[in-house]
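Both complexes below contain chain A, partnered by chain B and then by chain C.
Up next is the complex of A and B:
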C-alpha cells in the first residue's frame, strides 16, 4: 500500500517548476516511478504531492540537434535501447541502457529519473560521462545547460536547485574511428561496478581515449588524469599504466564499502574492467 | 474503552477506462492504487502474484499495451486508456496460449507461484522476437525469478514454441 498523495499534472516545464516551488519538500517529481514508488512504499519518502511530468511534451522524444542528439528526460530506457539512431551512433549508450534493471524497469523507468535519482549503482551516467553529455535544466526562471559531470554531485545528490527539473540530455557522437566498450559487473539487479571507455587507435597506440567508472564511490567519475597518462602509449603499456594507477583511482573514485562489494574489491575490479574495456575499444569496440 | 479505527481516506481519485483482457472497466481509482491491487482486489484476477513488491522478482508481471510491467509498482491510473493483459487473458476461447501448452508439456513449474509472471514475460518476448537465441531468452527473463529453479524447463518450453515458429516459417519458405 502506498500512502495517499495528491497528483499534479503540469503541462509545461515552467508549470512543473511552479508546483515544485509552491510545495517544495512536500512534492516529488514523478515520471516513470520506477525508483520513486519503491521509496514511497518503503516509507523512505512520503510526498504529499506527486508532480506527474509525463504530460509535458518538451520532456519527450529523441531528436537530432546540431549534429548531436537531444533526449527528453521522460524517455524510457526501453525506448532508448531500441532507438535506431542511438544504436547506430551511440552504441555505448544503447548497450548501457539495455542493462538497466530488468525488462519491466526499463519499460517504466526514464533516463531523466535515473540521472536525478543519482543512485551510485546505475548504468546510464557512466557512458554519458564518456560521451561528454550535457543536461538542460528548466524552471520558472528559464533554462540552463551544464555538463553532466557538474550535475552529478554525489550519492543521491544533483545540482538541481529548488524548483528546477531536468528537461533534456544532449549528447554528441564520437568522431569517426573511435571504438567503444562498456564493462559491467553484476551480482544482483543493479551493477556492482561499471566502466565505459572510448578510444581511437593508431595501430597499437592509444591515440585518443576517454574513460569513466561508476558504482565504486558516491557518483560515476570521468578519469581525465588517467586518460592523460595512457594517451600515446601502446595498449600493453596503457594496461600497465592502468594497473599502476590504483592510488590515483582510489583518490578520484573515493571507493566505499556497500552491500554489493567492499571498497577494496571494487577498486581491484575497476582495474580489470578498465583494462578489458580499453582492449575491446582498441580492437574497434562493440559493433552497431 | 475501545478506539474506533477509521480507514485511511484517499485524497484523490481519477476516472479511468481500462481494457482488461479485452473487457472494458470504467470507474474511479485512487491515485495511489497500484495495478496489482486493482487486478487482484477490485477485479478478482488473482493470477498475478505479489512477491518481492519491489520490481525485482517478476511474479506480478502483466502486459500494458503489450509491454511488461511490474504491476506491484505501477499506478493503476496509468493503465487508463490502455490494454492490460494478465495470465487470465492468455487463453483464447478455452484454448491455452502455445506458451502455456509448452510450459505444461515441459513441466516448467514446481510450486507455480512465479509461473504467471514467467508466462507474461515470455509472451512479451515472443511478440517482439519470435525466435530468440538462448542468450536473448536468458537476458529477457533474468528479471523473473524462480526459487524452485525451473529455469532449464522454462528454456525448453520457450524452445518448444520457437521451434514450432521456426518450422512454420520454414514451411512457408518451402512453399514459396
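Up next is the complex of A and C:
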C-alpha cells in the first residue's frame, strides 16, 4: 500500500531540477511510474514528493535531428514500438521496445524512466549501446550530453548528479548495409538475458560489428574486445571466436547465480544469443 | 517471432450441444461486468476497522521478545495481539486443515492460532495489528519490535531426515511427521518373476496454488451474539469448530458466509491471521477487515514437495508384474494436510495400470517451508508425474511404443484393481468399484488429436531460423478416485408464489461454475427455465451441511442433494395440490412446471399462491423440499469412500531449443471422462483450465527457498503460464457415457487434466532429447543440462 506523498508538477526541466534540488532524497521523479510505483507499493522507496514530469513539453516527442533522432525521456515504450521512423530506421530499438514488460507497462512506462532506473534486467539499454546512443541531461545548471555507456554505472546506478534529469536520448542511424538482431531469453517477465548485434557483412566476412549484452551482470555492456576479435573473420570463424570467449564474457559480464539461473547457464546462453544474433544480422536483418 | 507449423485448432464438441449447455453460465455476466461482489467488494459494516498481520520474515527463528509499545502508541492504532497480549485465549489451538492430526503428533506440530516459541517458516503468524485505517495498521506492524534468535533451517526431506538435523518441533524429537503404506499382492515375488527391473526417481517441487483472488482475507464481526464471518473459502463449515474452540463459544453461534471466489485450488482456508482478526474484533467490539495481498497469499499454503522413487518389474513383452514405490514427502512447517496428502499419494502412486503386485511406503517430514496442504488433485500431480515418467523409461528400455505399453497395461472396463489390500499392514477387502471408464479409448483419442501413432522417436535436430531444435511427443494417464470426502451434502429448494425457485446450499463457487451446475440440475429436475432458479450464497446459518467444494465432489454430492431437494419439493407440490384440489397426493403428477391430474393442470406458482391466498394460511408464501446425499459410510480401507473412477489423458508435442533448453508446447490434447457434462462449456473449460495449470506446473512454477527466506513470493518472480504459453493446437475432449453417479449420469472431472498434463510434457521432452528431466518444473537450465548428457 502506498504511503502518502505530495505530487509536484513543474512545467520545465529547469523547474523540475529546482524541485529536485530543493527536496533532494525526499523526492523522486515520476513519469510512467512503471518501476517507481512497484517499489513504493513494496515499501522499498517512500518519497515524500513525487515530481511529475509527464507534462513537460521538452521531454516529449520523437524528432529528426541532424540526421539522427532525438527521443524525449517521457516518450512511452508503446509510442517507440509503434513509431514509423523508429521502425524503419532503428528496427533494433523498435524490436527491443516491443518486448518491455507487457502492453500495460509499455503504455505507461517511459524510455527515460527505464534508463534512469537502471534495472539490470531491462530491454532498451542493450540495443541503445549498439546504436552508440547519447543522453542529454538537464538541470538548473543547463544541460550536458554524454554517451549512454558512460551514463550507466551499475545496478540501479547512473551518472545523474543531484538535481539532474534525463531529458532526451539521441541515436544516429546505422549506415546502409548493416544488419541488426535482438535476442532475448526469459524465464520471468523481465529478460534473463538480451543480446543486440549490428553487423555489416562483406559476403561471408564480418566487416563491421557491434555487440552488447544485457541483464547478465550489473549493467548492459558493449563488448569492444570481442568485436575486435571478430572483425574481419568469416561467420563460422566469428562464431568459433564467440564460443571461445567464455572467459572474456565472464570477466566483462560478471554473472551471478540467482532465480533466473546459475552463472554458468547464463554464460552458456550468452554465447548462444550472441551467435544467433550475429548470424541473423549477417543475413541482413531481424528475425527469430 | 513465434514460428509454428501446427495450425490453430480447437476440437469440435464430441456431440451436438444445445445452446443452454454452451452459452454463458449464470454467474458470468455479473463477473465480467464487475457487478459480482467478491470478498473485497462487500461493503464495510458500520464501524469497520482494519487489520495487518505480523509475520515472521525468517524461516526458522526463536522469538526472544516482542515489544509492541511503539505500535500501540501510534495514533489510530486500536490494539495489537501477539503471544503476550492474548486476552486469555489459548495460543495452542490448531488452525487450518488438520483432519487426522492428534496431539500425539506433538503439541507444537500443528499450526497454532498464534506462534509463541518460534517461527517455523517465512510467514509464520506472530500477531496482528488493528487500526482505524489500513495504512496506520500497516505502519504499526512495522513498529512492533521483535528480538529474534536465528536458527538453522531445513528445506528438503533429505535435510530434515539427516542425522543431527535441526528439529522443527523439538517435542517430537524427530522431523518425521507421518508414515503410511499401502500394498496388494506380493511385490518381491512380482519383481522376482519379472524379466527386467527398471527404476526411476522423480521429484516434484513446491508450488503455490495462485488463484487470481488472493488467499487469506476476511471481514469479521464478533459480538455478544456470536461471530459473523465473511471469507472466501471452499469449506464454510469446517472453521466453526476451531473458532468455537479458540473463543469458547457454541459452534452454532458462528455464522460463515461465502461470496463468489476468484479461484481456490485448495488454498482458500481459515488462517491464523483470520483468527487473529476475529480475536481483535472480540477485543475492541468492532468489525475487522483483513485484506489479503498476493505476497501474503504465497505464505498461506503450498503444494507438498515429493520424491517418487520406484522399481517396476516387467516382462520382455511389456507386462507389468510389480511396482514398488517409496515416497519422500515434505509437508513444510506444520502437519496441516500431511495425513490426507500422504494417503492420497499412496493410493495414486500405482497410476492407472493393472499391476498384480504393488507396494508403496511413504514417509513425510517437516521442513521450514510454508505448510503444505490440499492442492488441485491433492497428492496426484506428484505421483502421476512419477509413475508416468517411469512408464516412458520402461517403454524406451524395452523398445515398445509408449502408447502400446500403456494400452497393454491399463485395466479394462469392469476390472477390479485388487481383491484385497493392506493399509499400514492391516488387511482389508478392496472396496473400490470396478473400472468404469475406457482408459484405452482415452489414450487413443489423445494421441490421435496430436496426430501421433504413439511411437517414440522425436524429430530433429533441425534448424528453424537461427535456432537448433528437436521435437518430441508424449502421453500420460491420470486416475483420480472420484467424489472423495466425508460428510453428507444438504440442499434446500424453496418455491415462491411467483414460480421462482431458490436453492439454498453451502457449496461455494470457486469459479468453476458450481452455481450454474446447481441451477441446471434444479431447472431440469423441475422442468422450468433456468432463469426461474436462483442460487443462494453459502451460509452456515441455514444449517445445510456440506463438507465443501473440494476433491471434485461438488457435482456428484451437491448435485445429487439438489436433485433430491427438487424431488422432495415436487412431492410437496403434489401434497399441496391434493390439499387444495382434492384427491390423493399420488394421483398428482409434478413435471414441466405444472402439477396435473387428468385434464386438470396447475402451474407450480398456482399451488403456492393458493396457500398464500387462503385466510387461514396467512403468511405462507413458499413450499420447500430438502435433499441429502452421500455415499454409504465405510471404514477407512484406503480410499475413504469411492463411488467412481475419474480418469484423464493428455498428449503433448514440444519443441526443445537444443542450445538454450527452452521448451515450448506445440500441441496439447486432454481427454476427460465426465459421465455427462451438465454444462458442456463449463466442463470443457475445467478440462482446459486444468491443462493450462499443468503447463505452468510443468515448465515454470517453483517456490525457491534460500538461507532464511522464500525468495520468489510475488507474481513477478513466480512465473505463471501466460496466454502465449498455450499452444495454438489445444484440444480438450469430453467422453460422455452417461454412466456416472452424479445427476443425469455426471461424474467429477475438474482435477483430471492437470496431473496428466505434467508427465505428458515430461515424456514429450524425453522423446525430443532422449534424456529424462526428472524434476518438475522443466526449466531451460535443467533441460539444457539433460541435452548435454545426451552429448
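In the analysis below, the second predicted complex is superposed on the first by the 286 of 288 C-alpha atoms of A that agree within 3 Å, B and C clash if a C-alpha of one lies under 4 Å from a C-alpha of the other, contacts with A are read in each partner's own complex, and residues count from 1 in each chain.
Throughout what follows, contacts are C-beta pairs under 8 Å (C-beta built on N, C-alpha and C of every residue); 3 or more make two chains touch, one makes a residue touch a chain.
Just so we're clear, the structure is a prediction, and the values are computed from it rather than from any experiment.
Trainee: State whether A:6 touches chain B only (first), chain C only (second), both chains, or neither.
Mentor: A:6: touches chain B, not chain C.
Trainee: Just checking: does A:105 make contact with chain B only, chain C only, both, or neither of them? Give me first, second, both or neither.
Mentor: Once the two structures are laid over each other on A, A:105 reaches chain B alone.
Trainee: Scan A:78 for contacts with chain B and chain C and give back first, second, both or neither.
Mentor: first
Trainee: Look at A:117 in the shared chain and tell me whether it touches chain B only, chain C only, both, or neither; answer first, second, both or neither.
Mentor: Neither partner.
Trainee: Touch test for A:268: chain B only (first), chain C only (second), both, or neither?
Mentor: A:268 sits against chain C, while chain B stays out of touch.
Trainee: In the overlaid three-chain picture, which partner chain does A:189 touch, first (chain B) or second (chain C), both, or neither?
Mentor: both
Trainee: Going by the contact definition given at the top, which residues of chain A touch chain B in one complex and chain C in the other?
Mentor: Common interface on chain A, chain B vs chain C: 1, 3-4, 189.
Trainee: If we count contacts the way the header does, which residues on chain C are in touch with chain A in the complex?
Mentor: Where chain C meets chain A, its residues are 1-3, 134-135, 138, 464-467, 659-660, 662, 700, 704, 711-712, 716-717, 719, 779-781, 784.
Trainee: Show me the residue ranges of chain A that touch chain B in the complex, using the header's touch definition.
Mentor: Per the touch definition, chain A meets chain B at residues 1-7, 33-34, 37-38, 41, 50, 78, 101-105, 107-108, 189.
Trainee: Given the complex with chain A, which residues does chain B contribute to the contact?
Mentor: Those residues of chain B that touch chain A are 8-12, 14, 30-34, 37, 53-56, 58, 61, 67-70, 73-75, 77, 121, 124, 140, 142-144.
Trainee: Touching residues of chain A toward chain C in the complex: what are they?
Mentor: Chain A residues touching chain C: 1, 3-4, 185, 187-190, 259, 261-262, 265, 268-269, 272, 275-277, 279-280, 287-288.
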